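Chain lettering (A, B, C and D) follows the sequence in which the chains are written, and residue indices restart at 1 in each chain.
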Amino acid sequence: MYQLNFKQDRPIDLIGIGRLCIDLNANEFNRPMDETMSFNKYVGGSPANIAIGASRLGLKSGFIGKVSDDQMGNFIVQYLKKDNIDTSNIAVDDTGAVTGLAFTEILSPEECSILMYRDNVADLLLNTDEVSEEYIKKSKALLVSGTALAASPSREAVFSAIDYALKHGVVVIFDLDYRPYTWKSSKETATYYNLVAEKSDVIIGTREEFGMMEKYQTHETSDHITAQKWFDYKAEVVVIKHGAGGSITYMKDGTSHKGGIFKTKVLKTFGAGDSYASAFIYGLLHDWEISKAMEYGSASASIVISKHSCSDAMPSTDEIDKFIGGAEKL
Amino acid sequence: MYQLNFKQDRPIDLIGIGRLCIDLNANEFNRPMDETMSFNKYVGGSPANIAIGASRLGLKSGFIGKVSDDQMGNFIVQYLKKDNIDTSNIAVDDTGAVTGLAFTEILSPEECSILMYRDNVADLLLNTDEVSEEYIKKSKALLVSGTALAASPSREAVFSAIDYALKHGVVVIFDLDYRPYTWKSSKETATYYNLVAEKSDVIIGTREEFGMMEKYQTHETSDHITAQKWFDYKAEVVVIKHGAGGSITYMKDGTSHKGGIFKTKVLKTFGAGDSYASAFIYGLLHDWEISKAMEYGSASASIVISKHSCSDAMPSTDEIDKFIGGAEKL
Amino acid sequence: MYQLNFKQDRPIDLIGIGRLCIDLNANEFNRPMDETMSFNKYVGGSPANIAIGASRLGLKSGFIGKVSDDQMGNFIVQYLKKDNIDTSNIAVDDTGAVTGLAFTEILSPEECSILMYRDNVADLLLNTDEVSEEYIKKSKALLVSGTALAASPSREAVFSAIDYALKHGVVVIFDLDYRPYTWKSSKETATYYNLVAEKSDVIIGTREEFGMMEKYQTHETSDHITAQKWFDYKAEVVVIKHGAGGSITYMKDGTSHKGGIFKTKVLKTFGAGDSYASAFIYGLLHDWEISKAMEYGSASASIVISKHSCSDAMPSTDEIDKFIGGAEKL
Amino acid sequence: MYQLNFKQDRPIDLIGIGRLCIDLNANEFNRPMDETMSFNKYVGGSPANIAIGASRLGLKSGFIGKVSDDQMGNFIVQYLKKDNIDTSNIAVDDTGAVTGLAFTEILSPEECSILMYRDNVADLLLNTDEVSEEYIKKSKALLVSGTALAASPSREAVFSAIDYALKHGVVVIFDLDYRPYTWKSSKETATYYNLVAEKSDVIIGTREEFGMMEKYQTHETSDHITAQKWFDYKAEVVVIKHGAGGSITYMKDGTSHKGGIFKTKVLKTFGAGDSYASAFIYGLLHDWEISKAMEYGSASASIVISKHSCSDAMPSTDEIDKFIGGAEKL
């Protein structure tokens, strides 16, 4: 059992904050990128994908972020608008920054890699003045993505957003989304991840991501010890993902629940985490049993990893329901 | 009444962390620096001054910091050693960084200004790997100075030190020491000052410094409201200084105490805060009544502002006792 | 008449130095990039295009440059090798730099724009130690592209290459290729362009580019005055291009020749300059009459601007000869 | 014999361009800087010292440079004014840059070292817009100091100044003044030193400095070969200094002259080069025999190295004449 007090009178269900970027997905599969000749363009970035996924499921999503003042930035905003996401709090950079890019390479379903362009990106230039207290207090939940902590001034903007969320009873959901390439050291990462996790109600990450946050600890760890650490602060729900081994969700009352995965035809593994998170959060907002929310997350992930894109492939509730109806659990 | 649990079995009384620099004080007073022809060299930096002051009063002090690999850095370490301060945890930079400089100008006792050299300084390069958990757990108290939060990696090093302090029951004392020139914006400053203040047992600062930390707040403030905010986190003692108007100390139990200042012949105002802090902390460590600790702080400040340097002028208990015996309170 | 002493005993005809990047050309034409959904990948960068064009025409080309240590960099090297270009002097970056990108937008044949990614690019990290005197002295000509002067250490690498070229009698060809986005100011640009032009035998640029180099001058200018300035240094041939107005070539002996353009179906204007340069240089190396070299350049440009890419579309001598046979001069 | 065409109708004799900084000279000699407790403040920087020295000898000097907007910058301008130097073309920085500092350590007359503060210094921020063609064409000679080439935009400002000088027949004197700490590599240094030396009429440097400029060369060198290289460009006079071994001056007509040094009581070696240069240039401007100009330079150097400062100690013609009258040549 978990207790998350989503304030029902708020017009927005979920505000994402952080990375907005472009995925350039190879049109040719199962070959090295050196030999790839054409790419398709999609909106990307973990919190963007989650906001899109949540919107497809019927949640009212909003976003706090920053885009480049060019065709790439404009494409992102237009795409989010078409998906019914409120973009009124997405700032436009005026310094000549670019939109981050992620070129994907799909060597095989199990071997996917990403070539990132993260120098001088607009999303990390979001600053405290661009985070509106009025906006945040209109939402039931705030979704924080770890990559937005990778550099100033975005880092401080996130702390401001969390301060406003705490002040106004907005549930803070922290998706760890740790990408080493934008950080200077793992100890720097651990410092800021821990400061955010202390203030979060829901924490979602892989075993490796939680492990990175425990760099400073000298004693033994385990999923149970990891989860308990955050319950001693403010967390109600901690989700620890073990890849193909499924995931385990701990709740403050001491209970935990193991979730499995569905059989599916995997095209690539990108987007599994974001699609899981959007459907799981959908369940939390509807006060579902944790097991049902986890199953919904798994089903959403199974759908997305069988398709070419992340954001474009985010399913509706009909698609998820239909998938669960016909799927085999592993 | 305040409750600070200084663990009596620890071999070190107080570890300072942060800025170690050089003061170059004009030998000619009451004239603009443009006309000053010679300067005397002293160790400087707020936490360095406090550690020296504490050592002169008989406390066992240590320091965590970083100095340049040149004659300036060597001078600082040798000076601290002569003052019986443990320098085993002062790292030496290997990147060609310099020691920060502060040229002082004393136009009149009321008009003092500082010309700072803070580009590429060694003290802000202290990193998490140079902060030893073993060392911190040997101490009763950790003194954090706000300027060490001004940039990475020093910023993360301070958060690491605080994590270790909390883990091992070391009392955290936060001297705000806000110097705008090393910060990018006051909101950036407020973000990190608040994150540290939430974890501190004792917070010492001027009214202006506390005001800067409340940038995000929209409601009215007062000394009482300011203090209460931090009691809601972890603080036991909050000192708010009003310059020539004396200071007021709040305690978690709801009591407060106003302290006055002594009559003295002022040469310059530099060093008043650091000398106050070192004597006040001396009182806290001896579990003195708060009023007595504040009086000791005021007396120490009165002595230092009548002399040419900050660090060199830090008094012994004999000097303070003698001063209080003969001084007139304003 | 011009006198360029191409040393006939050299095994390489032309070495390019400078930018190696990736063009991502929109597959959908005549629409804004915001609405473009897919891109094709080509090798790009002015000196790379010229080296490829020269190789297609039968010249032996080599290249001095630097690529990123990833799939993009590897793609570039493999592409050049397939085109029979010597890549032995292309260094691979080891600092995590990326390959520069140019996303093209073709709104109409007359309105083309480029969105550049030039932060932290490998090509500008080429350094003096990566420029081999032994290699340069094996070549008849060195092609310098202006963008390689935009930042250190690439800037110094170019000056080293020119020093070696002068020492060993290698003809220096300077293609101005001025791209404002990588420069801090036009005066900075003018400074370095002038220093290189003083040492060049052949200078090729647009009227606007030559105008930018005359920022410091207060008197009137004209094509004739521009050309004469460089003849007073070392130049033998100066080509000034006037877009659709054709081009004019000045020679040190005082003669000049106006060249026209061919009628063609324009898809986009990108690549016109590079294809012109490669065929014009081919003519110079064969000691052709200047008028014939210019016509060959124009024909090559006409072919490339009717096709989707720059590098991939570079024609062979057969294609150019056939085109000239059937084309109408404007 | 040398031919330098100093235009006699120009109101200014010599304009210096480049570094303006502060020397902080230890008041205690023959001890390590770690033990030095007080410092005296002087104007410093090689071209500043030379301009001051020239002015003391009766030349009309001017300066093109940039100072910090603080007491240090103001002190420099006031000092130059008192020495009758035209400061109308010294810009004041508006970006928060500082004045460079040089702390001197005099362990013994033979062992002197300098601790430099060169991060974010105003002098290297001089830009092309701050170099006035009108001003330069009022002068007989332009003195370029190598350190001004160490970084942009000062580097481009120097090239602009040289362009104006060449355009208006101003004699260009290049004092190599190579200080490794502000350069990224010796090849970078060699690149820009060579580009300036090619355009200079007089080149003055130590054997080591000339050697650094020949990094790219593979063949043997000698003073004679070094000098001849620059005569092939534009130089009329090349001075190569061998420290205590005296100096040798080469002239374009093939003649050379060896100069000795005077016996003197050496306090420190700082300032020897600058005082030599100012008196030697004084001789050139008066069209003296080269041997007489060299002797005057040596005498000036002997006076300065026996005193505490560089700039403050620059002698008048009376002092030099008197010194030569009573001195013993080694």
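What we mean here is this: contacts are C-beta pairs under 8 Å (C-beta built on N, C-alpha and C of every residue); 3 or more make two chains touch, one makes a residue touch a chain.
Small disclaimer: the values here were computed from a predicted structure and weren't measured.
Participant: From the C-alpha centres, identify the chain that is farthest from chain A.
Facilitator: Relative to chain A, the chain with the farthest C-alpha centre is D.
Participant: If I compare contact pairs by residue number, which of A-C, B-D or C-D overlaps with A-B on over half of them?
Facilitator: Answer for A-B: the repeating interface is C-D.
Participant: Taking each chain's centre as its mean C-alpha position, how far apart are chain C and chain D in Å?
Facilitator: The computed centroid separation for chain C versus chain D comes out at 41 Å.
Participant: Using CA atom averages as chain centres, what separation in Å is found between chain A and chain C?
Facilitator: Each chain's C-alpha centroid was found; their separation is 44 Å.
Participant: State, to the nearest whole Å, the distance from the C-alpha centre of chain B to the C-alpha centre of chain C.
Facilitator: 60
Participant: Could you list the positions in chain A whose residues touch two or more of the other chains?
Facilitator: Residues of chain A never touch two or more of the other chains.
Participant: Chain contact topology under the given definition, line, ring, star, complete or other?
Facilitator: Contact pattern: a closed ring, each chain touching exactly two others.
Participant: What pairs of chains are touching here?
Facilitator: Result of the pairwise touch check is A-B, A-C, B-D, C-D.
Participant: Could you please specify the touching residues of chain D with respect to chain B in the complex?
Facilitator: Residue list for chain D touching chain B: 24, 27, 32-41, 70-72, 74-75, 78, 98, 101, 103, 105, 115, 117, 119-120.
Participant: Spell out the residues on chain B that touch chain A in their complex, using ranges where they run on.
Facilitator: Answer in residue numbers: 127-129, 133, 152-153, 156, 159-160, 163-164, 184-185, 187-188, 191-192, 194-195, 216, 218.
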